[in-house]
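Each of the two complexes below includes chain A, the first together with chain B, the second together with chain C.
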Partner chain A sequence: MDQIAALIIQIAYGIANLALISLGLAIIFGMMRVINLAHGEFLMLGGYTVVVATNNGVNLWVAMLILAPLVVGVIGVIVERLLIRWLYGRMVDTLLATWGLSLLLIGIVTSIFGASTATTVSVPIGVIRIGEYTVSGYDIFLIFVTLCLGAAVFAVLKLTKLGLVARGTMQNAQMASALGVSTSRIYMITFGLGAAVSGLAGGLLAPVTGVLPTIGATYIAKAFITVISGGASILTGTAAGSVLLGGINGIVAYITGPTFGEVALLVAAIILLRLMPRGITGRFFRKSL
Partner chain B sequence: MAFSRRQFIAGTSAFALATPALVGRALANDNIIFASILDLSGGLDIYGAPMAETTKMAIDDINAAGGLLGRQVELKLYDAQSNIQLYTQYATEAAAGLRAHTVHGGITSASREAIRPTLARFNTLYFYNTQYEGGVCDFNNFNTGSTPAQTVAKVVPYVMNKWGKKVYIVAADYNYGQITAQWMQKFVKDGGGETLGVEFFPLDVTNFGPTIQKIQAAKPDLVISALVGGAHVSFYKQYAAAGMNKEIPIASTTFGVGNEQTLISAEEGDGLIAAYSYFEAVDNAVNKDFLGRLEARLGAGRPTMNELSVRSYEGAMLWAEAVKAAGTADRDAVIAALRSPLSYNGPSGTVTIDPKTNHCVQNVYIAEAKNQRFEILESFADQQPADTQLVCDLVANPNQNVFLFENGLEAAGIKM
Partner chain C sequence: MNSGSTLRAMRPTFIFAAIGIVFMLFAPQVLALFTIINLTTAIALAILALSLALVWGYGGILCFGQVAFFGLGAYAYTIGAINFGGSTWAILLAVAVAAAFAAVVGYFMFYGRVSDVYLGVITLTVTLILYSLIRRTSGPEYKIGNALLGGFNGVGSPPLNLPWNARAFLFPEQVFYVAMAALILAYVFAGWLVTTHFGRVCVAIRENETRAELLGYDARAYKLGIFTISAGIAGLAGVFFCNGVGRVTPDVFGLYNAALTIIWVIVGGRGTLIGPIIATFGLFYLTASLGGQQTLNNNLVLGIILIVFVLLVPRGLAPTIADWFTQGRRGRVGAERAARRARRRAGAAEGGK
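Take a look at the complex of A and B:
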């Protein structure tokens, strides 16, 4: 019984982890149709912000929750102004440009900080005991943060004027422009927000993962698979994709081992996309956000 | 990353056209050419970057002492970018194009197996200066790093004696991890212990939650890890986050060679035990001098030294000593000098070539992580590469270039 409870928390964490690393990508890809191959590096920059800030004496919570999204959000805005805004509507070109950006960011971080950076960051929350089993309190915190982040994105898109204007711009930029919306500014803000969410995710994962310049590569494939499997809706799609793939991965990894866990995740995604080429939200929950 | 066939053909044919020019240059050049192929970017640069620094230092030391045979040694450093395809390409270029007198390098066992046959075919002397799973039997190839009979055989009984007999193994999912896990199981069995579980992880896994749960369910006395690369550092962090590092201790055959002890905090890493042929804490005059000169070269921010980086230095020095002893940089004479057998007194202590296997007889140290550093607990002098000696005899049969543990330890008559 204890074991099942602990396992359920582990699987929930696996799902939250996928959702967390995918949400920033879902915003940028789902709303703007920009294939951001530098997404993994945005996560990495969030992690680096935390490592560098804490090495310089900044409080871990401040570094994770404020500095990481702020720094990466600003980088996102700069990237959008210098690179992405010239490429709207040219999906393949954004793919190449952001791949280049990804290599550039890895190169810049490596030349500043070297191949690895010493850190003293460790998990700031203690252990929760379930009978004979222990679960990291930080895992539960991350599940909670992921839910809050989802709620916050929902609130911004659905309840604020900015969200309304942004959704309008994504649906029909010309019409939005004719109604007096500065679409260029909206694109910039949306990209910056997506980057900030990625930065926050990278920062939050810094205490439980290795932070290295090349670590983005381990996230990018899973984030893309989750977002594509989820389909067009940003929140519902990411949630549905994460629950399905994260759940399968967690259960299979527990039963057979991590190699088959990864294989099962990929097989599930392939079957899903064969049956539903537009992702889960292309078939179900089509009107959802 | 994604190379199309067309690009590849274009690239290689351009290279083929350029080759005569390179040969001409190499022949006109009077320097002795030392090529090194390492991952200086991509995920494996946590290993490769420090190895490149010590290789450069070795060549500078050799040249500062007047070079070899009155000639300067020229270092050609290739960055394989954590990409196996580039290893093969650069090995061919170094051997056929540059006519390098020796090639050092390769980090993962996969990269070694990519270039070792190429260099054997071109008769280019090859040094692999990395700890690995044992079993290479190649007259042309010197494997200077430690092997499981030297390290795993020492650390497994040590930690079983200290912590208990029930063991859980976690390892990276490629040839090094698979074969090392078999050695671990053998040594656990030899010590009267029991292996409760073995799990393998692809190199990009970052969520170890399900495995940590399984370890809790299995209740071993200790965990032995052969995890590799940056993503796997997450295991130690998540293990500590679940409070497990206080309950079930970890020993490792890989923790430390990528300076993992600095990538996790002291409270996460303290108490972890590892065995290698070198730690910075090794207490001898050569090591003190080496670390002092390294710091003078690279400043206080220098990388922490480990077996891989120090053995890259010692491997280069072993080769240089052999060239001096042979009086020529020609491959056959240098190999004969190395197998005479040659010894070198380096920062890790005395390293001696074992002519039976072209591996090294070397010191091994067991150490414990404390405050992001290693403290040595026990030393073992002059350990033989007994694993490879089981299957390989280059004295009796020099015409070999094979990797005998490719399909596991059955080659050594060890049943799992």
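Take a look at the complex of A and C:
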């Protein structure tokens, strides 16, 4: 019984982790049809924000939950103004330009902080006992934060005026701008929000994974495969993609060890795309958010 | 198309191939051995760039994971050469493994009707998963035949030897000849392929897939075909790469290499074969000279190059330069030239929107 409970928490954490690293990407992709290959570097910047802030005496929770999204969100807005907005509608070029951005950010961070960091942020919550098994309390906290984040994105999109305008722009940008919506501003805000969510995720994961200039590469493959498997709907897609792939990863990793967990995740995603090229939400729950 | 017009269409290919042969014959006489060994690595990368130029420039398939086939080729060669005790079959194995892997991945992608940008993301993901998979194989239990995979540290690659004679190892200088010959042959092969019926159908599909399908061509099969061929060429590139470097490590699958490959083709120009090859040599020497100093990071420079080319020279160098030439030759009358320029500018502005 205890073992099953521990296993369920383990798998739930895997799913939450996938959802957390994918949500920022999903917002940008779902709203703007922009594939942001610098997504991993946004996560990395979130991690660095936390490290720099805590080294300067800022409370860890403030650094993770407030500073990381704020800093990366601002960077996102700057990037959108300088780079992305010239390339709307040219999907392949955006992809390439954001890849260049990804290399550029890795280069800048390496030049400033060096190729490896000695500073680590320790995990702020201790372990929790379930019978003879222990689970990391921080894992449970991350599951909780992911759920809150999903609820917050849902609330913004569904309940606020900004969300309404943004959804309108997403459905038909020309019609929205004909009705007096500044689509350019909406895109800027959306990109900034997506970046902020990525920064938050990167900041939250910094204590678990540590920070390196090249850490983005470990996130990006999983984030992309989750978003693409999920399809165009932001929340449902991310949720469906991470539940399916995270579940498969968790179960296979439990049976055979971590190496094959990731392989199983990839194989499952490729087969899924063979069956549903537009992702899960391209076939089911089409009208969802 | 009859053979006469094929030859005419391939004339530039033969000219560049002839320049390559001259270079191959004279370079070892002029250059130091160290430079020659470095050049072998650059040649391997140029073959890789050629493979991507073929599949992306002519097939219109945005493959971000060309290094997956490159790395698989390198690993297959190394493992094969260690187990067979000779490089002859190992080379064939490398090409076959790369092509077979591409055929399987390509089947899922093209027959699943995965469209261009998704394609890029999937191929990139495949590469990164291979990277993390091979990095984990450091224990003694991960071995294929006699070859330990070695995880993070990789495997030492046996050098090439004369066909069917495993004891006659080639010296670095001789490996250079073989690599250069392979590059020229692969270039001529690719140049020939794009003039064949098959190649022209691939270009038609790149231009307008729906129209090509309505004319009765199965786009999926043609895409899978050119994807597989190009992966085979990338596998061959892997053989020479691990010969030039002396070992193969999981880094061949890394994001940095994947990005480099894309950058060569972007800088050289999509839709040409010689452009990416020349861009590879140029950027190889740029990064090699940057590697010696500390202030400018390689990633930083490559990132800037990629962004600048995407924003300002989206067609790449070779087509842009070719444009200057034709413009210079045709537009002798000043007024005509000005009119042409104005028209082009209008066209570019329209295309930019």
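Please note the rule applied: the second predicted complex is superposed on the first by the 288 of 289 C-alpha atoms of A that agree within 3 Å, B and C clash if a C-alpha of one lies under 4 Å from a C-alpha of the other, contacts with A are read in each partner's own complex, and residues count from 1 in each chain.
Assume contacts are C-beta pairs under 8 Å (C-beta built on N, C-alpha and C of every residue); 3 or more make two chains touch, one makes a residue touch a chain.
Keep in mind the model is a prediction, meaning the values are calculated, not measured.
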| item | value |
| --- | --- |
| Partners on chain A (chain B, chain C) - clash or fit | clash |
| Which superposed partner A:Ile225 touches (first chain B, second chain C, both, neither) | second |
| First (chain B), second (chain C), both or neither touched by A:Met170 | neither |
| First, second, both or neither for A:Tyr13, with chain B first and chain C second | first |
| Touched partner set for A:Thr110, first chain B, second chain C, both or neither | both |
| First, second, both or neither for A:Ile234, with chain B first and chain C second | neither |
| Partner chain(s) touched by A:Tyr138 [first = chain B, second = chain C, both, neither] | first |
| Which superposed partner A:Ala217 touches (first chain B, second chain C, both, neither) | both |
| Touching partner for A:Gln3 - first (chain B), second (chain C), both, neither | first |
| Touched partner set for A:Thr259, first chain B, second chain C, both or neither | both |
| Shared contact residues on chain A - chain B and chain C | 106-107, 110, 214, 217-218, 221, 258-259, 262 |
| Residues of chain C defined as touching chain A within the complex | 62, 105, 108-109, 111-118, 120-122, 124-126, 128-129, 132-133, 136, 254-256, 259, 262, 266, 295, 297-307, 310-311, 314, 353 |
| Chain B-touching residues of chain A, taken from the complex the two chains share | 3, 6-7, 10-11, 13-14, 17, 106-107, 110, 114-123, 126-127, 132-136, 138-139, 205, 207-215, 217-219, 221, 250, 253-254, 257-259, 261-262 |
| Partner chain C, residues of chain A touching it in the complex | 35, 83, 86-87, 89, 91-93, 95-97, 99-108, 110-111, 214, 217-218, 220-221, 224-225, 228, 258-259, 262-263, 266, 269-271, 273-275, 277 |
| Chain A contact footprint on chain B (complex, rising order) | 41-43, 45-46, 48-50, 82, 173, 199-202, 204-214, 216-217, 230-234, 237-238, 240-244, 247, 258-259, 262-268, 301, 303, 372 |
